[in-house]
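One chain, chain A, links the two complexes that follow: it is found with chain B in the first and with chain C in the second.
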Partner chain A sequence: MTKMQAGAIVSTLAVFAALTVVFMFLPLEAEMLESQKIFYFHVSFAFTMFLACIVTAVAGGYYLARGCELADAVAGASAEAAFLFASIVLLTGMFWARSSWNVWWNWEPRLTSMLALWAIYAGYLLFRANARGEARRRLASVYGIAACVMVPIVYYSIKLWGGLMHPREGTIFDMEVSMQVGLLISFAAVLCVYAALMALRARIETAERRLESLWQNEGRG
Partner chain B sequence: MKHTLAQFSRLFYKDLSLQWRSRGAMAVALLFSLTAVMLFALVYGPFFSPPELPMEARRRELAKLASSIYWTAAAFAGVVAIYRSAEADREAGGIKAVRMDADGSVIYAARMCALSVMLCLTQLALGLLTAAFFDISWLTLGDVLRLIGVGAAASVGLGAVGALMGAMAASMRGGEGLLSAGMLPLQLPLLMAASKCAAPIWASEPIQEKAWIALLVAYALIMSAVGLLLFEVVLED
Partner chain C sequence: MRAAWIAFAVSFAVCTTLAFMTAAPVGVSAEDVRAEAEATQTINPDLPADAAIQKAADYLEKKQRSRLTYLFSAYLVLWGLLGLYLYTLARKQARIEAELKRLSALWEDAPEDSVG
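Let's turn to the complex of A and B:
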């Protein structure tokens, strides 16, 4: 069994365990009932997305400082995960809002800033997909560092501008213990998915690069 | 230091002349804002806010509309101006020639300042158009100065992002097509903050949510710092 296969199996098991705990063992919340279950995955994906944005910037910075190609592959893979997770956060948020407040969308600061972050990482992926060679790595690294500025804006948006749907940061510590455990398990599961996706994507990127250099050498020969 | 300042002023003058030569961008932005106002006017018309509303409520409604249309047009003007600057770099290979004699951060600072000045001028013209079409006649000198302050801070931020993204687009084949896709999302926080800061000023009211001013200034400064630090990397071959 390869490391990739082991990673895929571990992350699948972790997601299965999280789903089982959330849907089978955790009590129903009195007001929101079943729809509150979305919270465990919505919040876990949101935190993992923040982590993915930071990893993109740090790996991009490392590539610019040291020229390490693996760091660039990690940055690209992490940005893809950040975009995917941001999409999941927006979608799960919409379903939760619909079932709890009877609206699909509301232009409160957290949602608006989150949409801006999603658009920024879409821009990153477009830039990365359209540049070639060394310029692609360099420019994507610069974009990834600039894009990371959005993370604290999204995180502190409720504190700065208030909001109707989201609680202020730190509310997690005031929750019931069972909910905290559920959140911790789903967060661990989403982290496993992130690690597996990132490793797989970074490996594909490295393989593509090798193939590209082989083609170039073949062309010269 | 003296040498750097001389380089900066030379480059600033060059970039400003280039921007001025492509001032058609300003006319395009004015036409765009005219189209936006016309469409809104048709849907809302014949008055933007119902005349039966109390004067204060009418002012607020008009100010919100004015601020959103104004900043949409300003963002469009920015894209056109920066697109032109990236195109000039690509066509004439201008940035490569300039690089032989100046440091990346000096080139960036000059370009950012030239873009900001041009965006400020465009915004001034847009502001006059907005005031005329929305029949905003209650602004005091203080309000006008506050609007100029918001516009200047936003122009610095838009110029900071634009100078960096313009150079990035110019160094890619077909990059101009990607310029707005890459640049507009990075400018969104600035545009959000500027429109939220400007809306109460258009209504001649104080800005209640000071965090928007903080975001506007902080984002402009951070993006300028990111550009100054990383522009050299963008220019590398």
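Let's turn to the complex of A and C:
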């Protein structure tokens, strides 16, 4: 069994466990009822997206400091995951908002800053897609580090500027124990998915680079 | 890549099955219907009790269907985006494999002394 296959199996089992707990065992929340079950994956993807943004910045910093090609591949893979997860968070959040508050979208600080983060990482991926050569890759790393500034902005936007849909006070530790357990299991599952996707993407990126250098050698030969 | 696709398909199948199983046992409770019927009769006192209960049950069932639709749609979007991403990765990998084949064919065709 390869590492990739093992990663896929672990991710599947983790997602299976999370879905079973969320759908079969957790009670319905009193106010939002069934639609509240979106919360478990919505929040888990949001936290994992924050982690992906931080990994992009740290790996980019390592590439700048040491010139390690693998670190650059990891930064790119993690940024793709951050963009994908930000898209999931935005879209699942819209369905939840429509179901619970009868609106698809409003321009409260959390949603606006989240949309800005999504756009910034879209820009990063576009820039990176055309980043050939070391100088441009280094610039992409600087972009990745700068983009990470959005993580605390999104996280603290509610506390700083208020909001209508997201709770201003309270943390995960203030929730019911059953909800905490559900969220923890969902978070673990999404982390596994993130790790598996990132490993797969970094491997493809490394293969692409080897191929590129082989073509260059072929051209010279 | 095949392992990732299998993992995705299995997870999606589980998600869909569980989503349908969730909808089945959760019914609109009698207390909720009674409370909603009382609220309806407060607004419209001329409405007979049977009609108020029927109206309240219909309203609560409609609201529940709507919540389940949004829940299912959110999960469908989640799986759709993950599937789309896996598809782009699969295409990238297929392109790399095709290029590798081209490159190895070039090397096989090249004279011995020009390789390396």
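Just so it is clear, the second predicted complex is superposed on the first by the 217 of 221 C-alpha atoms of A that agree within 3 Å, B and C clash if a C-alpha of one lies under 4 Å from a C-alpha of the other, contacts with A are read in each partner's own complex, and residues count from 1 in each chain.
Just so we're on the same page, contacts are C-beta pairs under 8 Å (C-beta built on N, C-alpha and C of every residue); 3 or more make two chains touch, one makes a residue touch a chain.
Only a predicted model underlies this, so the values are computations on that prediction, with no experimental measurement involved.
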Determine, for the superposed arrangement built on chain A, whether chain B and chain C clash or fit. fit
Chain A contact check, chain B vs chain C, more residues touched by chain C
First (chain B), second (chain C), both or neither: which does A:131 touch? first
Which of the two partners, first being chain B and second being chain C, lies in contact with A:160: first, second, both, or neither? first
Looking at the overlay, does A:43 come into contact with chain B only (first), chain C only (second), both, or neither? neither
Contact-wise, after the overlay, does A:146 reach chain B, chain C, both or neither (first, second, both, neither)? first
After lining up the shared chain so the two structures overlap, which partner does A:58 touch, if you call chain B first and chain C second: first, second, both or neither? neither
Taking CA centres, what is the chain B/chain A/chain C angle in steps of 10 degrees? 120
Partner chain in contact with A:116 - chain B first, chain C second, else both or neither: first
Quick check on the superposed model: minimum Cα to Cα separation from chain B to chain C, whole Å please. 21
So which bits of chain A does chain B touch that chain C touches too? none
Please give the residue numbers of chain A that touch chain B in the complex, ascending. 64, 112-113, 116, 119-120, 122-124, 126-127, 130-132, 135, 138-139, 141-143, 145-147, 149-150, 153, 160-161
Note which residues of chain B are touching chain A in the complex, please. 161, 164, 168, 171-175, 178, 181-186, 188-189, 192, 209, 211-212, 214-215, 219, 222-223, 226, 230, 233-234, 236
For the complex, which residues does chain C have touching chain A? 1, 3-4, 6-7, 10-11, 14-15, 18-19, 21-22, 26, 64, 66-68, 70-71, 73-75, 77-78, 81-82, 85, 89, 92-93, 96, 99-100, 103, 106-107, 114-115
Of chain A, residues touching chain C in the complex: 2, 4-5, 7-9, 11-12, 15-16, 19-20, 23-24, 28, 32-35, 37-38, 41-42, 45, 80, 84, 87-88, 91-92, 95-96, 98-99, 193, 196-197, 200-201, 204, 207-208, 211, 214-215, 218, 221
